[in-house]
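See the structures that follow.
The two complexes that follow have chain A in common; it is paired with chain B in the first and with chain C in the second.
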Partner chain A sequence: MADEKKLCLSGSGITKVFGIGRQKTVAVDHVDFNFYEGEIISIVGESGSGKTTLAKMLLGLISSTEGDIYFLGQKRDISSQKKKQEYWKNIQAIFQDPFSSYNIFNKIDSVLLDCIHMRGGRKLPYAKKVELMSEACSFVNLKFEELTNKYPFELSGGQMQRLMIARIFLLKPKILLADEPTSMIDACSRATILDMLMQLRDETGMTLIFITHDIGLAYFVSDSVYIMEHGKFVESGTADEVILHPKEVYTQRLINDVPKIYEEWDLSTV
Partner chain B sequence: MANVMLEVKELTTKYITRFGEDVYAVDHVSLKVEEGKALGIAGESGCGKSTLALSLMGYYFAPLHYTSGEIIIDGRNISGMNPDEVRKSILGKEIAYIPQAAMNALNPTRKIIHFIEDVIQEHELYITKKDIYDRARKLFETLGLPAEVLQKYPVELSGGMKQRTVIAISVLLLPKVLIADEPSSALDVTSQKMVIKMLRQLMETGLISSLIFITHELPLLYNVTDDIMVMYAGQIVEKANSKEAVFDPIHPYAKGLMGSIIVPEKGLRDVKLTAIPGVPPNLKRPPAGCRFAERCKYVQPECKVHSVDLRELEGGRTYRCIFSEEQLRKAYQNG
Partner chain C sequence: MKHIIRQVFHSGKFVVGFCIFVTILLVVIIYPLFITDSPLAILGQGTFFPPGIYVSTFDSINSPTTYTLDLNDAAAVRIANKLSSDDRLAIKDWLLVAGIPEDQIDITDTKKLLDQWSSNYDPKKNIPGMTNAKRNYFVRLDNSLKGLLSAEGAIIATKNPETGILEQTGIVNQSDYVNINQVASVRWLPLGTDNFGRDVLNELVKATVVSLQIGFVAGIIATLIGLTLGLLAGYIGGIADDVIMFITNLFTVIPSFVLLILISFSIGQEQRGAFTIAVVIGFTSWVWTARAVRSQVVSLRNRDHVNLSKLSGHSIVHIILTDILPYIASYVIMALILQISSGILAEAGLSILGLGPRTTDVPTLGLMMNWAMIYQAQILGKWWAYFPVLLTIALITFSMNLMNTGLDQVFNPALRD
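== the complex of A and B ==
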């Protein structure tokens, strides 16, 4: 079975250096990865470990200093604006701060309409577009009628996060990259959002890349886990391997830092 | 019997919005915290946790208004006390409060030691700067914070260090009650753990006499508090000791919250998260009956008719539902 898995996104020696000379920061340091189609992957590390920087390279928002990224087995080519647009039909992102992800001058209807247009639905009759938008909203428990004519900043953090998932529902990308999608919301809404994302993966077979500092969350959602420390992947494997039998001290520490309820939580480590 | 540090009876407060609408964010809340104890407050965003925290200090400013109820701190009833008096003799000394996102509110142009001078000088007019410094240094040492932090500006500190500094400043006057509103929610897991450790230290060293810890993260509450109160739409829906509240909730909403816990412990990967469908009611127009009715799996027609009272079980555990404990447990067993 294992060899039937198809590679979706892969890379080796991916590196990002910011600045030069004494100001130099190696944010991502020669990482290798193989993400397979339909998999849920988590990238876990503490603040500043380079997760968001790697995410931006995967998205093609910044270039890598070293290393090539392969998409569906082919070397990724985003050398022109047109090729970039083409690539972005396949990969979408949800960011750390939901408020940063929208053009604040665009009303919510146009945020969703854009998604339909991006998928080639510009010529659809308006009634059909409304139907698609309503379906997307109801998938995430929002009411389309209540959102029309509103601006994104008029929504609560949780509603905003759900609106982002509604966008993904319409765009149906091959890959979804979620950078701390649940760090701004409460545990209850977090469960709702994770539920929706996992359901979306099951229905569409998309590859889901989660970025988080919470290894508990990673354990819960992912098939495979990559642990990032100072820009390097120090450990990777299936969620059970990495989290139930961690080899690296760093991984053990991350596990230790998450609150426990069934076992004693050892506070002496901080 | 242990000393009661804070007792609140049927406290009701509301916001009056710009448009003159009332928002009932704290509705007949009663609670009691004994000396040496920590009380946790849980509930999803918007259920009124922060408003309750503000209301507990007895210090009201627009748009928040006091409606009714009593607040008694270490035997002293402060309800109805005038705001200046509360400010002068209660805040910081009797009851201290760390607002949500407090660490981002520090004035960036002042050093940490200057914030500390402000706090102490407001209460002790004739104290010297040297004495203030010594006291601050000693406190920081007790709490495992480096004394160099005192000479730094807020921007020079990491998020976790800033938050722990804010907590240290809030206990300078050795308050009887400390209220911490989501003190660790914006931090990464390691800093979060340091904050949790610090809250426990405050209790163990006697720097504070009691604690109210607010967060939506049940595993954190479980590791700090003795009792947990679950709020929903401005009301208490369950109050129990922490173990029962987390592992054996009675109220359907508390049960739902339990289903959203994620911890990296063996076997938990296969547990399905039980997201609670829907959203909380609008507090401008709270529903007539049980406020959870719209989202409750076990709802009955009569749930929506009259407001539902809290029931008290033996041992002081309370919950708000028309069903008996046995009926609810049976319903949970049947899924």
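== the complex of A and C ==
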């Protein structure tokens, strides 16, 4: 199977060090990974394990101290602003906190219009743009007519995160990096949002990198799972391998920490 | 936006500051529309004429109609005007020295006092321990007392152009009055004149305009430089940040006022216009704005909305203008207001030292202070030459700082009462 799959994003020896001298913090420590096209990958780890730092490096928002990232088999080149913009047409993200993800001075229209413009639709007639935006909104169960001329902070957290998915719907990137997209959202909205993400992936066939601290969720959605501890991948493999037959103590701990209904929570590992 | 403005005007401090500032602004805009005299025109032949209404003596003598009013206290007021209680005490002192027993001197009985004075006063008499100034004072007093009690009028005489002989043309009785509205030439000088004989109020209005302009130009230049450098250093980071912060720190350690003095001095008196001074002030006072903007931008640039904007393919300029600048706009406006008021103060400080704009074009608040100081208005007690200027400077900076505090309360909820 693995031979048929095309490498989408891979990296070797990715390291990120913050600060110098005594204040040095190694956030990500020599990490290797191979993400294949169309896969759903979960990166699981507790807070402070370097997940978000890794995600920002994958997105090209911060540079890595060491190591190379390969995109579609070639070394990623984001040395200039133009190349970065080209790269970002292929990789997009959904951030953890929907409330801080939007510019509070921009209206929702402009958020969606930006996406259309990025896809080369700058010269489309306005009616066509509205049609595209309405389509994207209806995909995530929002009504564009109700959103137009509104500011993002007038929406609820769940709605904002759905709007974020509408953005992705318009952009149709090859890779979507979802950095704990549901951690700030209540359980009901969470299911809806995950459902929409899955649906979007099925339609576009994009690679979905799911960053989460919730190993149960990771098992539920992903094809392969990477377990991250203190900036290192301690275990990786398919979801079944890793979660049903964990080898590392840390993985077992993560699995045991998932609270289960009807069962007393084992706090001894915490 | 509308919401923010409404909120700003709900802040009491801002409203008070705004009202004071707008009042000053309205006065300096409206006043020149009615009084079109040149602010630097020299009216008075002398220094520091006190505030008041100036009536032409010549015109009032030649007033077409004269009125006779019998006012009981007119004579008493006239005498009191020339012979104050201090003068009476001085006369008593003289009479005591002249050998008149104390019980015979009654300073409340004007007639008897003047009789005793005229029979005993001798300008040549040398009293031991009397200063020259005091001696001159008695000479002046003696002259002014002549004819004080006389009920006669004054005769007006003109020279006959043919014979050269004075001929009586009229008489002014003590009970004659003119109506001030009928006198041809009357000039109201609400704040008197300054050392050059200029109308202080007229000059003050013009000076306020110029000082405000200097403040605005200096404030805008300082804020623009500080904002640009702060944004670049904060957003781009890396070497650009290091270089800009090095320059900024360099300027921080050199006191900007010393720098201001040195630059002003090297420009030279003739080249220093008001605008030049404003630019110089602007170029020396951007440091703290740059530092503050940089620190704000550093904390902003790693926020998710900036990352999202980057992912949406926006250019650096676009991100700075739409994702960074609006978030620090409130701070920048407050910094601008503070820079304007400190620009006005810096100009006043420079001008007092004699390093302000050249004195021939326009008055500024600082220059007026400088002139008043050089001509020792504060020693001579000519309050009208410097106190209104002080008050104007204080009101402008006070109102601006008040507006700033009000804005701070609105934009920074932690400071609200």
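Keep in mind that, in the parts below, the second predicted complex is superposed on the first by the 263 of 270 C-alpha atoms of A that agree within 3 Å, B and C clash if a C-alpha of one lies under 4 Å from a C-alpha of the other, contacts with A are read in each partner's own complex, and residues count from 1 in each chain.
Operating definition for what follows: a contact is a pair of C-beta atoms (placed from the backbone, for glycine too) under 8 Å apart; a residue touches a chain by one contact, two chains touch by 3 or more.
Only a predicted model underlies this, so the values are computations on that prediction, with no experimental measurement involved.
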Requested in this report: Specify the outcome, clash or fit, for chain B and chain C once both structures are aligned onto chain A.
Outcome: fit
Report task. Determine how wide the angle is at the CA centre of chain A between the CA centres of chain C and chain B, giving a multiple of 10 degrees. Result -> 80
Requested in this report: In the overlay, answer first, second, both or neither for which of chain B and chain C A:225 touches.
Outcome: neither
Requested in this report: Would you sort A:41 into first (chain B), second (chain C), both or neither based on which partner it touches?
Outcome: neither
Query raised in the report: Of chain B and chain C, which one touches more of chain A's residues?
Result: B
Requested in this report: For A:78, decide between first (touching chain B), second (touching chain C), both and neither.
Outcome: neither
Query - Which of chain B and chain C A:9 touches, first, second, both or neither - result: neither
Query - First (chain B), second (chain C), both or neither touched by A:155 - result: neither
Requested in this report: State whether A:185 touches chain B only (first), chain C only (second), both chains, or neither.
Outcome: first
Query raised in the report: Where does A:89 make contact in the superposed view: on chain B (first), on chain C (second), on both, or on neither?
Result: second
Report task. Look at A:61 in the shared chain and tell me whether it touches chain B only, chain C only, both, or neither; answer first, second, both or neither. Result -> second
Report summary line: Smallest inter-chain Cα gap (chain B/chain C, superposed on A) in whole Å equals 13
Query raised in the report: Along chain A, where are the residues that touch chain B in the complex?
Result: 46-47, 141, 156-158, 185-192, 194-195, 213-220, 239-240, 243-244, 253-255, 257-263, 265, 267, 269-270
Report summary line: Seen from chain C, its contact residues with chain A in the complex are 303-305, 307-316, 322-323, 326-327
Report summary line: The answer for chain A against chain C in the complex is residues 56, 59, 61, 81, 84-85, 88-89, 92-93, 95-97, 100-106, 114-115, 117-118
Report summary line: In the complex, chain B touches chain A at residues 44-46, 159, 188-190, 192-194, 196-197, 200, 216-220, 222-223, 246-247, 256-257, 259-266, 268-269, 273-279
